[in-house]
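First up is the structure itself, then whatever we jot down about it.
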Amino acid sequence: MLALDDVSIIYAARSGPVQAVSGVTLHLPVGGSLGLVGESGCGKSTLALAALSLLPPEARLSSGAVRLEGQDLATLPEAKLRRLRWTRMAYVPQSAQNALVPVHSLRRQFRDTAAAHGMRSAAADERAAALFQRVELDPAILDRFPHELSGGMRQRAMIALALLFGPSLLVADEPTTGLDVIVQRQVIDLLRDLRTEDGLALLFISHDIGVVAELCSHVAVLYAGKVMESGATDRVFSLPNHPYTMGLQRAFPDIRHPERSIVSIAGHPPRLSAPPQGCPFAPRCPFAQPLCHNTVPSLVAGPDGRAVACHFAADAEALRDRARDPALWDAAA
Amino acid sequence: MGSNSDVSPAEGRRLRARRREVLRFLGGFGLTVPTAALVSAIDGALKSASAQAAAGQPVPRLGVYLPNWPDQVELWRQLSREWQAIGIELDLQQGTLDTFVSQIVAEQKLPHMGSMSWGGAPDRLDPDYFLSEMFHSRRTARGGLNFGFYRNEAFDKLADAQRSEMDPAKRQQLVREAQTHIVEDSPSIVLFHRDIIHAYNKRRFSGMKPILGNGIGFPYMPLSYMDITPLTPRKFIRLTSIYDIASLNPFLTPEIYNSTTLRLIYATFTTRDEKADVMPWALERWNIVNPTTVDITLRGNTKFHDGRPATAEDVKFTFDFINRHRFPALSRIYETVESAEITGDLTVRLKLRMPSAPFTANVLGYAFLAPKHIWERVPSNLATPADWPNDKPVGSGPWKFVEWRKAEYLQFAANPDFFMKPKLDGMVVLPVPQMESMVGMLERGDSDMLAWNLDMTLGARISRNPELEVVRTPTHGQHEVRLNLGMAPTNNKAFRRALQHVTDRKKLLDIIFSGAGVVSNGAPITPALDNWANPAISAPEVSVDRARAVLRDAGFTWNPQGRLVMPAA
Amino acid sequence: MSPFASWSGGFGAIFLSLVVLIAVLAPWLSPYDPLVNNFDAAGQLRRLAPPSAAHLLGTTYYGLDVLSQLIHGTRIVLIVGITCAVLIALIGTNIGLIAGYYGGRVDTVLMRATDLAFGVPFIPFAVVLVALLGPSLWNTIIAISFLMWRSTARVIRSQVLSLRERGFVKAARIAGASDMRILYVHIFPNVLPMALLYVSFDIAWAVLAEASISFLGFGDPHQTSWGQMLYLAYVSGSIRQAWWWTVPPGAALSLFVIAVFLVGREYERLANPRLR
Amino acid sequence: MAFWLYAARRAAHTAVTLVLLLVFMYVLFRLVPGDPTTIMLGTGELPFEAQQRLRELWGLDRPQWQQFVTYAGNLLTGDLGMSFYFRRPVIEIVWPMLLNTLVLMTPVVVISIVLGVVIGTWLGWRRGERIEEIGAILALIPRALPVFWIGIVLLALFAYELRWFPIGGMRQAFFFPETWYQELPFFDVARHLVLPVAAGVLTSMADPLMIQRTALIEVKHEDFMTHARARGLTERAQRRLARRTAFLPVLTYSAIMVGFAFGGQVLLEVVFNWPGIGRLMVNSVSQRDYPVAQATFFLMAAAVVTLNLLVDLAYGWLDPRIRQ
């Protein structure tokens, strides 16, 4: 369905080029679901935009290829690409508040989208009403403006808009951020239903590994624009092989282990304009050895379809044990 | 986007902060200090000094009022330089015309001197205006035009005498003698009489009549339009003027352009011919019975533009109407004429309040025949009939009113019933406020006559166009510098006479108006008006030595810096 | 930032420095006294002489050297531009600061005054003021500054409105700093970049306004400003005949204003990262 | 309901501003030395005694406060007073000139905004490209030229040299159509309009253009623009969306722009000899015709202030976010 092969993305900033994503390879099968997790600024959103071929002008794909259903998006002419968007792949962005056009009613936005792909207004209205029912919204809301809706309603309207042409791929970039817990739950349930009932392939981006664990069969952990670890979700989160995943896991409350205290990984992600020489996580890693600071570990595929980029992946068992101590994470700083 | 914002915020912020520091410094310090310096410099330069000169002290900078017109500015640039030769410096204070009036005429605050130019209105052809109005001691009162406070009893007597002298030859003598006092006492430096320069399209029209003070295109003298003859099938002429009229009510405005334009519709009783002699216009003739009684006779068959015949009734009505309402614009009429009696179908006897030599020219030439049947029905709720809009003026003059579109055009049609029938079918006056556009319209053929004061340089350019003709006409209007006799040092006659000698009128005229004009002989009457000018008077010799000698004789000295010093007490 | 953009800012800066230099050196640079009539060998006034070796930009109607007038005009341009900009900045920034900081009734009154100032048509108002005060350079400057503070005041006020809610202002207030201190020590430096940007544009507007007022005949007749030169060329009807008299002041005026704009733009780029 | 309250409050503020403006102008004009009668006095056309009588007739001899009370009272009944110079009701003088000015100003403002928005959108859309840099500077250039200078140059080129257009004025006094298109009803006025409108547009266009461009650059970075692209909207549709959203600041500015246009109008009217309100105003100031000067000032100011109000209210309609 969607395949990212060795994708690197460079931003042209005033101070010089910045490598936002380097050498990321991801595969999302038809009807599959893949979660991308990481701290903010790790390149998740950039990757999501790259998957949709929507990178801003100052960013460019410096290597690799993004393929949708086997077609290399970079080689497609803009007109073809445009027709592909929303019909084959749709996008639910971070904040529906900002992503909906503020000066148009929802109906207008459905119609404009429909018109861009040759669908008539009447048909668009009909489809919009149906989709609104699907996302449990009153079709009367169609004539409202975005600012008149609550955050949850907006996000559901956004999802309904994404389903306009029944795409086979949905890219959702932190769709639940900024919503209260109950609404978050509704949105997640909705997405899960869509996935299971409509067979939609889902690329789900979040910093919340709990949500990812619930929605996605597979997950990739990103740090500083690189994949640290990937694999089946339950496996990755139950037995993390990368120290970063371990830290990340400890950073969220776990319903299964409510007694665990929450830690924060000390320090900040590296500046991408001047990345560290070795493993990007080394400066914050409580287990870092001199080797880590000098040599970049490569992403090594494991036997169970998992991959990890750590020099000490072999010692994962021992590291997991040590990682249980909350003091360890604070001390690393 | 997400990944971009965290790129190098700290570094960026630091850089920006440093830049801002620098800019802040530049802004705060770099701008304020020089500005403060500049402000104080300007302020210092603008401080004026116009103190009275004390005996034995150097003459202070002399205050000069001038209108902010380009020619006046140039004039004073010249005079400031020339007058340095006798060790005086000037402090120029330019203002607009109305600050001049309110400050100098109404409030009587003339600094040491002030310069003005006086237009060549037809009533000023009579010498009474430039003698009595400007220099009679009676006119030193508030609002009078003798704002330099010249007082000379001998002159006053002569001015009064010429005013009531009905015998032209005797009057000529009196007028000429009065001028010698002005020249001797020098209350004013009369500079020159700038020519009126008009231009027209000679392929389209002929028969232009240059008249002293009027040129070929001004409406001041209605005679100037009478002989204009079309050479092409188009029988109406289009002329451009800087001004537009303000009102169609002839009782309202004293402004010369407006009042004379309306008098094309409303025929005055008399007018002036090419030689500036008075001739009958609406009248058949007049007869001076005695110095305070004048019989006037209307032309037979005179018709108003609405077809109603004009009779002695209308003449009497006109004078009664003016006397009753005392229209400020027509003050010279109600101040002169006491009553009007009908003595025949077309004859009226006017009783004057006093003998008046300029009566036939300036009263009969200014009063116009108003139709009784219209003006007696003016709504009575108005404060004065002068406020009536009079949207369709009906007179008996050579031109009928057709249409007035404010700031766009004023259109007339010829009146075939007038005793002197215009050769044109009509006339259109286009107000064009810019000389550049007026010249352009004439050159492009959008207008046929340029009826405004052209400049000789432009005139030379226009006359190179084979279709166009430029006509120069002398005028009695004048440029003068009025001296304040109420303060030192301009109250010193020798000082004033010295100024006459260091003022090179010819050179000034050459520089400012390309020499197009008549240099003044020092008297307020132009030499071109040979009836009234005094041939014995000649322009003061231009000589710095002579000026210095005059000053030295009067006790003036010069300090080591070359500055003029007042005589010891 | 593209090289072209920095080039344009650089051009503006160089041109402005040149103008300042010319203004300072005007008496030495100008070949003639700008206010002295020039005569030819035969004693004839050189009226409207086309450009020649003796008069590189020809002469005016009264035989004055155009080049010398142009050179001396730089002084007026700088005096008007800088004085007006400083006056406008002083008035506008303070009104904006006070209105934004105090809010409430003070704000209402000051903003009502600003609305009023926006309602008054600028050129006619300047003409009235000059009629009232008499035509002189200083009065022109006053007339210009009297209205132009309005935009600055509005912009600064809106900046202050957001600034006064910021932590550092609140902290200063809690620490017991006086209003004066908060306004001028804490808030003012933060609105300064914006104020300076407006100052730069005000220089341009002021120069254009002075030219317009002069062109209408209400300027100071004793100052050879570029606007005054255009006015004299216009009223003497020489616009088309003497291009050497009309083109240079117009072009110089435009170049100066463009240069100010370019420098202002460059400054805005530095001060406002959003526009990079 | 809340909207109406808001509207009413804004309208009340506007009314207060107008009253203040009126008083301010009244005082300002009375400070100027002289009155219309003094000018005639100065040119020697009116003797002093006659001038005093004229002042009595026109009520100028009464104390200032009495004159103001009369003026304000008349104003309440919609009477703008009587012109001193024309001796007609002010409204009769001002109205035709105001219409003439609107004939000139409306196309200037409308074309400036439309062109400014279109070109500004285009430049903002091309942000970062060389053509945008050059375009932005090109747009600044006419803004830097004095409007009267542009007018003079346009006249010299297209009226004097090429003779395509008339030298000035609003109508030719006697225009005789020669071909069919010259017989079209507004042909004569239209051909007189071309040059002044061109000069006006050249100078007024830059502001809306730059504002639109800046707003567009900001809008372009908004999430909804990325989303619109993701939705597969055509580039034209995207640009239209950006333009529509970025237009709001231009709208706010348009009220101010009308004020500037009114203020700068006088220069256009002088250069092109347009019989409009700007020239009337300057003339009436020189002629000390206060009632007319006050009325013209007031009309212009009222137009600007009222437009500000309308724009504020229209904002709610164009930007649904603040409609509540």
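Note that the chains are named A, B, C and D in the order they appear, and that numbering of residues resets to 1 at the start of each chain.
In this text, a residue touches a chain if its C-beta (ideal position, glycine included) is under 8 Å from a C-beta of that chain, and two chains touch if they have at least 3 such contacts.
Note that the structure is predicted; figures quoted are calculated from it, not measured.
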item	value
Most remote chain, CA-based centroid, reference being subunit C	A
Between the pairs A-D and B-D, the one where more C-beta pairs touch	B-D
Inter-centroid spacing, subunit D versus subunit A (mean Cα positions, whole Å)	54
Inter-chain centre distance, subunit B versus subunit C - centres from mean C-alpha coordinates, in Å	38
Subunit A-subunit B separation of Cα centroids, rounded to whole Å	87
Residues of subunit C whose C-beta touches two or more other chains	131, 234, 239-240
Residues of subunit D engaged with two or more neighbouring chains	33, 128, 160, 270, 286
For subunit A, residues contacting two or more additional chains	14, 49, 56
Subunit A partner contacts - residues on subunit D that touch it in the complex	128, 222-224, 226-234, 237, 241, 244-245, 318-321, 323
Complex contacts: residues of subunit D adjacent to subunit B	33-34, 38-54, 57, 82, 85-88, 93, 96-97, 155, 159-160, 163, 166-174, 270-271, 273, 275, 279-280, 286, 288
Contact footprint of subunit D on subunit C as seen in their complex	2, 4-5, 8, 112, 115-116, 118-125, 127-128, 131-132, 204, 208, 211-212, 215-216, 227, 230, 234, 239-240, 246, 250, 253-255, 257-258, 261-262, 265, 274-275
Subunit B to subunit D touching residues, read off their complex	96-103, 105-106, 118-119, 121, 129, 133, 141-145, 236, 238, 246-247, 249, 252, 254-256, 326, 328-329, 331-332, 383-384, 386-387, 389, 406-409, 411, 428, 430, 432-434, 437, 440-441, 444, 446
Of all residues in subunit A, those that touch subunit D in their complex	49, 52, 54, 56-57, 82-87, 90-91, 93-95, 98-105, 112-113, 115-117, 145, 147-148, 161
